[in-house]
Amino acid sequence: MKIKFFTILGLLFFTSYCINAQTNAVVEKVRQKLALVNDYVAEGVMKTDVSFIKASLGKVKIYYKKPNLIKVKKDGGISLLPKGGVSITMNSLLNTDQYIAIASGKQVYNGKNLEVYKLVPTDDQLEWVISTLWIDPVESLVYKTFTTTKENGSFEITMEYGAFASYGLPSKIIFGFNTKDYKLPNGITLEFGDEAPISKEKAKKNKKGTIEITYTKYTINKGVSNANF
Amino acid sequence: MWSIIQIELYKIYKRPRTYIAFGAIAALIWVIQMGLKIDGEAYAAFLMKDINNTLIVDGKVLNGYLICYILLQLLLVHVPLLVALIAADMLSGEANLGTLRLLFTTPYSRTQWVLAKFIAASIYTILLLIWLAALALFLSMYIFGTDDLFLMKSNYVVLIETQDVFWRYVGAFVFASFSLLTVTALGFLMSSLANNSIGPIVATISAIVFFTILSTLNIPLFNVVKPYLFTTHMNNWKEFFDIQVTENNEAISGSILNIQKIKTSLLVLSIHIFLFVGASVWIMKKKDVLS
Amino acid sequence: MSIIKVGSLCKNFGNLEAVKDLSFEVNEGEIFGFLGQNGSGKSTTIRMLLSLIHPTSGHIEIFGQDIIAHRNNIAKKMGAIIERPDLYPYLTAKEHLQLFAKLSQKKITVSQIEHTLQQVGLSNRASDKTQTFSLGMKQRLGIAIALVHQPELVILDEPTNGLDPQGIADIRHLIKDLAQKEGKTILVSSHLLTEIEQMAHQILIIHQGKKIALGPTATLLDPAKSLMKLMTANDLLAKEKITASEFAAYVLDREEGIYFSIPTEKIAALHQFIVTAGIPIVSLESKRSLEDYFLQITSQSN
């Protein structure tokens, strides 16, 4: 009986090890692909879609440097970025191996068969608590992540790939995040007019905001000065 | 007619009182600019408290364009009072001095005099506005530089790109000139009703304060009369700084959210100017100059 | 030729009839004296001549043109000061003249402006702001403003207000010169009646808005009746005796002294009556000035 119990337990451990090894392999492949990129400067167009913000499309430059330096700069303008969200790109998420990846099934997403993995960090110093990755195991590309951070809430990032898929770099990235209420007293804004308040329904519906960057150009591994961050 | 306008401008130029308004505007702007230069970041942080819960605003928020907007918000409430100081004195001040009767014995009709005085007062008002623009806009642009205009309204935020801002200020200043000319015309009307300087000035300022209160209080009873009050429309220069968005919530560069509102306000203000000046001419033509 | 023609002029302020049915004419080149006590309607009339006040009824013609229809044309040829000198405190004397010269729509040269300043004795203060001027100096500048555009008709309302005796004499000479040497027509009002007496060719006296006398100065000052003032050792007794006598009808109602408006041929009889009544006479003198005449006329009117 005892032997039987240990055999089963041993089998279980073995199976889970085998599964883990396999799942880690998918994530690891992605990680290795991303590791090819030491730095990049990308140009793109940023679109902010938050219910209480009216902003036009803006040209942006994105600077990245290993291990986790990232900066989005609008060309001489003011940029609005999800709080803490930008630093959680794929590159920064997977620039460590201090995590456990757990396979969480498969899903068809945008016509692609994706595998879902949950990543739990083993390093307490990491900013994020848990992250779910939707990975195409064939191309080793991540199409979607949902990350919960320690301080800045949860956000969703979806990606589309194009010319730089071989580096694991997206052609389009959409940050989705929850927005909080925005309201400034009239006494401060000195607006006493008949400004139509955003309807409750619309406000509720728009509690989610997105920031979308469409990349037009990447310059990869040509060196980026620290002064840009 | 031009020669009596020149004479009226000459008199305005020679009066010490003329320069009070210019000095007051310069002092107010200077104080606000210095305050924001020294402690502006704290002010911006206070304004952006709610925004910062969700987003990081990266860039020079406190630039010349925003400073100008803040200045205009504060000053366009007070400048009418300074305009009243001159406009409400144009007729009654001379009636008080006794010089009005000298003017009315010259070979110019009363209508010509009243219109010349209104035009002169209007030129003064425009000059005051240009002075305001020079200090609030150009000096702020010089001191704080320019960047996108990140405008925090009561219920939402508007981000207008740098190259899309300046023309809006030109529009806002042109609109503001209509607002201030309405005040000039009101002061003028009050001035035609009295023979002393202080009465019309106080009456004009009181009227502006009274109507501004009616315009700003959100009480259903007042809401009925609001559309007809010039004070309601005077503040609509702000409409130049609201922008249309597409269905995808993309701001359309170069657009104005509610251009019709601006047009309506300009029309209402123009009607007020016409009525106030028309009434002044009528009153002065009928008036026996007894002072 | 009549420069000013006023016919049946009336002005009411509410229930108050300020000017009642006033008619007169002012001839070219004459100095026309306009007399009246304060509140008599004198200034109201002058303001109507200047179209500052709209008449209730009646008509005014100046230079043969209706004042309402041709106001601007008339104003070009007219200069005026009204009651008190009204000036801009922040402008200098010269700036005032430049300003009003420009307003006249005539080409006035710098030397003409300087000449006008000289005429009123303000050359040495030409560049001073009027806020530093005394009342007399302001009055002189007021006259200069009225004259700067070389008008044909000058209307001066109380022009000697605030002037010292020398100033009054200067202005009197100036007015006479303007009429005699430059042929200007001048309508002048004053409460200093002796001034009018010394320069006016014709005099109009109004009281409570009504004309009570109009005519050449010489005629008005040489009436059939004489104004006599009696001073006695006992005025009370004298008044009592006179009241009971045939001379009672000639006594004027005066608070001080005993005045008579009496036919010249009865003066001797009056003198005789008082002596006979045993009242010692201190003096019985003829009052010939315009002021006394004015008092006489207005008392009768009362």
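For reference, chains read A, B and C in written order, and residue numbers begin at 1 within each chain.
Definition applied: contacts are C-beta pairs under 8 Å (C-beta built on N, C-alpha and C of every residue); 3 or more make two chains touch, one makes a residue touch a chain.
Note that the structure is predicted; figures quoted are calculated from it, not measured.
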Arrangement of touching chains [line / ring / star / complete / other]: line
Central chain (distance from its CA mean to the mean of all protein CA atoms): B
Subunit B and subunit C, separation of their C-alpha mean positions in angstrom: 51
Centre-of-Cα separation between subunit C and subunit A, whole angstrom: 100
Interchain centroid distance [CA atoms averaged], subunit A/subunit B, Å: 49
Residues of subunit B defined as touching subunit A within the complex: 47, 50-61, 73-74, 77, 147-148, 150, 152-162, 164, 215-216, 218, 226, 232, 235-236, 238, 242-243, 245, 248-253
Subunit B partner contacts - residues on subunit C that touch it in the complex: 47, 50-54, 71-73, 75-76, 78, 80, 82, 84, 86-91, 95, 99-100, 102-105, 145
Subunit C-facing residues of subunit B, complex: 3-4, 7, 10-11, 14-16, 97-99, 101-109, 286, 288-290
Complex contacts: residues of subunit A adjacent to subunit B: 47-58, 72-74, 76-84, 86, 177-186, 188-195, 197-198, 209
